[in-house]
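To keep things simple, chains are lettered A, B, C and D as they appear, and every chain counts its residues starting from 1.
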Amino acid sequence: MAVRAAVAGASGYAGGELLRLLLVHPEVEIGALTGNSNAGQRLGGLQPHLLPLADRVLEPTTPEVLAGHDVVFLALPHGQSAAVAEQLGPDVLVVDMGADFRLEAAADWERFYGSPHAGTWPYGLPELPGRRAALAGAKRVAVPGCYPTAVSLALFPAYAADLVEHEAVIVAASGTSGAGKAAKPHLLGSEVMGSMSPYGVGGGHRHTPEMVQNLSAAAGAPVSVSFTPTLAPMPRGILATCSAKAREGVTADSVRAAYEKAFADEPFVRLLPEGQWPATAAVYGSNAVQIQAAYDESAGRVIVISAIDNLTKGTAGGALQSMNIALGLDEATGLTTIGVAP
Amino acid sequence: MAVRAAVAGASGYAGGELLRLLLVHPEVEIGALTGNSNAGQRLGGLQPHLLPLADRVLEPTTPEVLAGHDVVFLALPHGQSAAVAEQLGPDVLVVDMGADFRLEAAADWERFYGSPHAGTWPYGLPELPGRRAALAGAKRVAVPGCYPTAVSLALFPAYAADLVEHEAVIVAASGTSGAGKAAKPHLLGSEVMGSMSPYGVGGGHRHTPEMVQNLSAAAGAPVSVSFTPTLAPMPRGILATCSAKAREGVTADSVRAAYEKAFADEPFVRLLPEGQWPATAAVYGSNAVQIQAAYDESAGRVIVISAIDNLTKGTAGGALQSMNIALGLDEATGLTTIGVAP
Amino acid sequence: MAVRAAVAGASGYAGGELLRLLLVHPEVEIGALTGNSNAGQRLGGLQPHLLPLADRVLEPTTPEVLAGHDVVFLALPHGQSAAVAEQLGPDVLVVDMGADFRLEAAADWERFYGSPHAGTWPYGLPELPGRRAALAGAKRVAVPGCYPTAVSLALFPAYAADLVEHEAVIVAASGTSGAGKAAKPHLLGSEVMGSMSPYGVGGGHRHTPEMVQNLSAAAGAPVSVSFTPTLAPMPRGILATCSAKAREGVTADSVRAAYEKAFADEPFVRLLPEGQWPATAAVYGSNAVQIQAAYDESAGRVIVISAIDNLTKGTAGGALQSMNIALGLDEATGLTTIGVAP
Amino acid sequence: MAVRAAVAGASGYAGGELLRLLLVHPEVEIGALTGNSNAGQRLGGLQPHLLPLADRVLEPTTPEVLAGHDVVFLALPHGQSAAVAEQLGPDVLVVDMGADFRLEAAADWERFYGSPHAGTWPYGLPELPGRRAALAGAKRVAVPGCYPTAVSLALFPAYAADLVEHEAVIVAASGTSGAGKAAKPHLLGSEVMGSMSPYGVGGGHRHTPEMVQNLSAAAGAPVSVSFTPTLAPMPRGILATCSAKAREGVTADSVRAAYEKAFADEPFVRLLPEGQWPATAAVYGSNAVQIQAAYDESAGRVIVISAIDNLTKGTAGGALQSMNIALGLDEATGLTTIGVAP
C-alpha cells in the first residue's frame, strides 16, 4: 500500500532534491506538486533532471490541492509552514523542511526570525540522543537545518561523553545550493566560481541557535557556539570543521572510542578509518555523513570534521529518513550511502 | 537468482562508476574486484563514495580471481582486454569498457591504436539501428566510447532519414573524468578549473573512427567526421554540438519528425520539448541522453546537441544497459533517467 | 597630459574590467563613473576588487556628469548608446562597448535587435584588414562583441587567403561573465557549476551577423556562419572552435603560412607553436589572443581555435586598444599579453 | 639602472607567478630562469600565460647559471635553498620562497621538516611589528608561507592590542595551486572540483609553527594555534577564518580601533568597511589583503577573516614586496591592490 506524498514548493532546490529521492522510494507514490509563482508550469522546464516528472504541472499551494495525501512535505519560505499545516488535519504526516518548528525557545525564534514562534515539532535528526524515539509515529516533523545537521552530528558525541569544554568553534563551507534558487547577484556563477567568502559572521546566522540547542542538550548544560559559515565554489556539500577545548585527560583513544560508540549502529553515519578525512565529493547525492575526529595535543583541542550533502542528508534525505521512522518503515528505505563521484 | 559480476579495474573512474550502479542493481551480486598497482588496498581509500564496499580489498587481475562469475566487466587500459577475455571461457558474459573490440575495420584500429586488431564484438549502443538485436544473448559486448555515444545518438537519426550531407562537424566538451584517474600535470585541478582547452584536434582523437563507423552505418554510405574534443572545467558530462549541411527540402518539421521517430520507444533518450536545450547538469549521474535538434535555415545546417554523463551512459551505465539486454533482463533494470542536480 | 576618461555603466562586468585596465593605463585619468540603479553607491561594494576606487561614488548617467572628458566609454544596455552619444559633442572620443554601432546593414540590426538602426561606427578590431587605419583619429568607436572578436580573428586569415569555402561552422564556449551581472536563475552558481549548456542555437545569437559581416569582408564574398554558443562553468574566457571546408590544394603548410603572415606584426595575437593549443586559462585577464590552426586531411577541413578573455580582449581591453589607436597612442599602452594563471 | 633577477624554479606555480609580476616590475630585468627536470624546455610550453617569455629556455640550477644577478629568487623544494644560497655570495640578495629560513626555533624546523635547521633569515612579512625594519638592506629574505601570511595579518593586531586570549582557532580554505604543480591523484581536477576536504588536521600542517611564532611575537607570550587547512575547488586564494576568546571588556569598537590602527599606513592591507566581508575573488592576482573583524558577543570571541591570493601576497607578491624593501625601492613598486574579477 503506497504512501501518497505531496510536495509543497516543488520548484526549488529542496523540493527538487526531495522529488529525486521520492522517485526511487519503493513505498511512496508522488501526488500533488505545488509552487507559487511557478504554478501552471511544467516541471520539465524547472527541474530538467527529473525526467520521469517532466510532464507534471505545478499546482498552487492550497488546502484543496494538498488534501488526500498521507504525507505532505513543506519546502516553503520560513514562516509559511504553520498556516499550511493547520489546514491539513492532525492525521496527515507533515514534514516541514523550513525552520519554523525547529527551535524550542520562542525567544530564539523571535530574535533570529523576527516573527512570533509557531511551536516546536519532533526534530528530524534521529542520530541525536532521544530524537529517534520521538519521531516514531509522529505526525509532525521539523527537518533540521543543513548546517546544524553537519555540526550537531560532528560534535554531540564529544559533548555526550564530556570530552570537551562548553565552547564550540565551528567554521563550515557550504555549496551554493544551500542559498536557494532565488536569483541574487552575489550567487551568480561569475561571482561564486573561484571564490570563498564568509557570511553571517559573528553569531548572526539563523542556524546558530539550533546548534546551541542540540549541543546543549547533548552536554546537559549550555554550550556556546561560534559559527562562521562560508560559501564555497561548488553546487552541493557542507564541510564542517568543529572544535572545542579538550577536558583534561582526554586522549586520541578516548575521542575515537566516544565516536565509535556514538555511531556504531547508525546506518547513515560513517566514522572514517583513522587517517582518512571526509570530503564533500564522497557524499554527493547521498544521505551519508562522513566524520573524522582528532585530538590536537599541542593546541589542546578536539577537532571533528563532518561532510554531508546539504540537499540530501542536510535537507531532503533527512526529511525522508524521518518520514520513514514516523511511518514505521525501515529508516533507510529509499535512501543511500553511496555518493556520486568524481 | 543473482547474477554474479566481477569488475577488473575497480579503482579507476569507469570501475568506480560501474560499482556505484551495480550496488543498486537488483539482480547483481558484486563478486571479485581487481586492480593492478592497487591490489591489496581497501576500496574505501580509493573510492570513498562507495561506502558499502569500503572494506572490500582489491585483488590482482588474474584468471583465478575472475573465475566463477556470470559477468566480467573489463575496465582496463586499451589493448589488455583480449588477453583477459580469452581466459574467461565462452560462457561468461564479458563486457569490455575499453576500446579493443569496438572498431570493425582492422586498419582503423591499427592506425589509431598502433597495435594488432583483436576483433569486433557486438556493440553496446542498443539505440543504434540493429544493435539491440545483436546484443540479445551475446556473450561478448564492446561498450562504446563516451564521445561516440553522445555523437552517434545525436546524429544517426539525421543520417538514417537522409536529412543531411555526409560531412559532419562535431565539437564536444567533456568533463575531466573522461581523461581518467592517472595523475598528469595538465589534468590538475589548478590547470583545468577556469579553463577550456581543445585536444586531439584535426582528426587525431581515437574516437573519430568509431563515430565514422556508426554514422556511415546509419547513412548507408561513408560519412566524414570533423571531431574536436575540448576539456571543460567540470568532473563529468559531455555536451556534443553536432551539425551537417541540410539536404534540400529539409525543414524544421522534418527534422523534428525524424528525431521523434528515432527515439519514440527509447527508455534512455529524451528528445526535449522544442525550445529547451540539453545541459550536462541535468544528466549528472544518470543514464539519460538529452537531445535537441534545430534547423538553421540561414546557414543551411541541421544542428543537434546531446548531453550525457560520460561515466554513466557514456561508460558504466551503457555497459550495464547492454548487460541487461545480453542477459535477457529488462533493459532499464538498475538504471535511472534521473540526474543529480543542481 | 592625461586623457580624462568617463565610464558610463561602471557597476557591471564590462565597466569593472575597463576600470581595472584604466587604473594601470599610464596616460589615463579616471573621471566620472556612472550607474543607473546603482547611482549613489560606493564602488567598493559593487566592485570589491578595485580597491583604489573603493571610495568613489557612482553618479547618474547624465550629460552633465559625462561632460568635460576626453573619452567617454559606454557600457550600457543595447540601444541606449545613441542617445547618450548625441549629447557628448563631436570632439569627444566615444567608445561604445554595446552593440549599437557594430553592424553595417540596418536590416541585420533590425532583425536581431528589433529596433531602428542607429548607424555604424569605426569597428574596434584593428587586426582585421583595413580596420586599424579607420580607427586612427576616430571620434566614435564600436567595440566588437566578444564572440565576434574570437571568431573573426580565428577565421579571417583563412578567408583572406582563400583557403576555405564560404560556410563556416563555429562552436564557442564562454565563461559566465559574458552573460552579464543581472541576476537570472539560469546563471546562478548552482546552475552553471558542473554544467555545459548551449543557447541561441540555430542562428539566433545576436553576434552571428557581426561574424558574417567580418568574414564576408575578409572573403570578399558572402560567408554563411553556423554559430553555436555554449555556457561553460568558468567566470571568464572564450574558446572558439571554428572550421570550414578546405579549398582544393590546401595543405597544413599553406594554412600555417597564411596565419603566420596574418599575425606577424600583431602585438596581441599569438599564433602558437605547432602542437600547442590555446587554453582560456592562459589568457585570463590579458588582452592576448592565442590561436592555433590545423588542416584535417581526413575530413577536408581547416580547424582554427582561438582563446580570449571575453572581458579583456573581448570587451574592455579591445576598447582600450582602440582608444589608444584613436588617440594616437602606442596601441599596446596599458595593455598586457600576460595572463593570470593558474 | 635595472635590477637583474634570476629565478630558480621557474616552471612551478610560485616561479610562474613571480615571473608574471617581474615582467611588469619597472626596475627589474629578468635574467636566468632555471628548472630541474624541465631544464632545456621552452617556457612557452610550461607557462603558456607568460607570452613575453615564451621563447626563453630553462637552464639547470647551477651556481654558474645563477651568477651575475643582483637578486636570486629561490622557488625550490624545501631543504634545497641553503646549498644554493651558500654559493651565491653575501652581496647577492637571495629571496627564498621556500620554508627553509622562516622558523627561528631549530626544534620546530626539525620536528616539522625532519632535517637539520639551516638558519633564520629576515622574515618577509613587513606588516608585522618590527619586520619591515629588518628587511631594509637585507641580503637574505625568507618569504612567509601562504597560510601564515593570511593568518598572521588577520590576528596579530588582536594579540598586539591584547584583545584576546592566547589560544587561536583557525580554519582556512586554500585554492589548489597552494599544493603545487606536481601531479598527484588527489589534486586532479576530477577530484577537487565540487569538493571541500581538510588535510593536515590536528596540528600536523607545517605552517603551524610559523603561525605560532608570529602570533607569540605579537602577544609577547606563547600563543597556541589550532590550525585546520582545507582544500577548496578553486585555483587560487586563501580565506582564513581566525578567532580567539575575547578578553573581558573587549567591544566591537575596541576591535575595530585596533585593526584600524594596525593597518592605517599599510599599502597592501585593506580593512574593509563595516558590514563588508572579504572574498578571495576580490584579491585574485593582487597583492592585497582584505580583512574584516567582528566581535561575537554571544560566543565571546573575536572573529577575523582575511582573504589573500596564495600565489601573489602569499608567495610571489610577498617576495617582491620584500625585495623592494631590501633594495630600498618603494615597497609597492610593481605590485597592485587591484584584483582580477569576476
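Structural remarks
Just so we're on the same page, a contact is a pair of C-beta atoms (placed from the backbone, for glycine too) under 8 Å apart; a residue touches a chain by one contact, two chains touch by 3 or more.
These are the chains along with the protein names UniProt gives them: A, B, C, D = N-acetyl-gamma-glutamyl-phosphate reductase.
These figures come from a predicted structure and were not determined experimentally.
Steps from subunit B to subunit C, minimised over paths through touching chains, total 1. Chains making contact with subunit C as well as with subunit D: A, B.
Greatest centre-to-centre distance from subunit D is found for B, with centres as Cα means.
Taking B-D and A-D together, the chain pair joined by more C-beta contacts is A-D.
Residue numbering at the subunit A/subunit C interface overlaps substantially, since over half of the positions present are found in both copies. The best fit of Cα atoms from subunit A onto subunit B calls for a rotation angle of 180°, in steps of 5. Note: centroid distance subunit A to subunit D, computed from Cα atoms, is 37 Å. Remark: subunit B and subunit D have CA centroids separated by 45 Å (rounded to whole angstrom). Of all residues in subunit B, those touching 2 or more other chains are 13, 175, 177, 188, 190-191, 193-194, 233-236, 279, 281-282, 284, 342, listed in ascending order. Residues 167, 169, 171, 173, 175, 188, 190-191, 193-199, 201-203, 208, 224-228, 230, 232-237, 239, 241, 243, 245, 277-282, 284, 292, 294-301, 303, 305, 307, 342 of subunit D are the ones touching subunit A in the complex.
Here subunit B touches subunit D in the complex through residues 13, 175-177, 179, 181, 183-185, 187-194, 233-235, going by the rule given at the top. Residues of subunit A that touch subunit B in their complex: 13, 16, 20, 23-24, 42, 44-45, 47-52, 54, 177, 193-194, 235-236, 270, 272-273, 276, 279, 281-286, 288, 290, 336-342.
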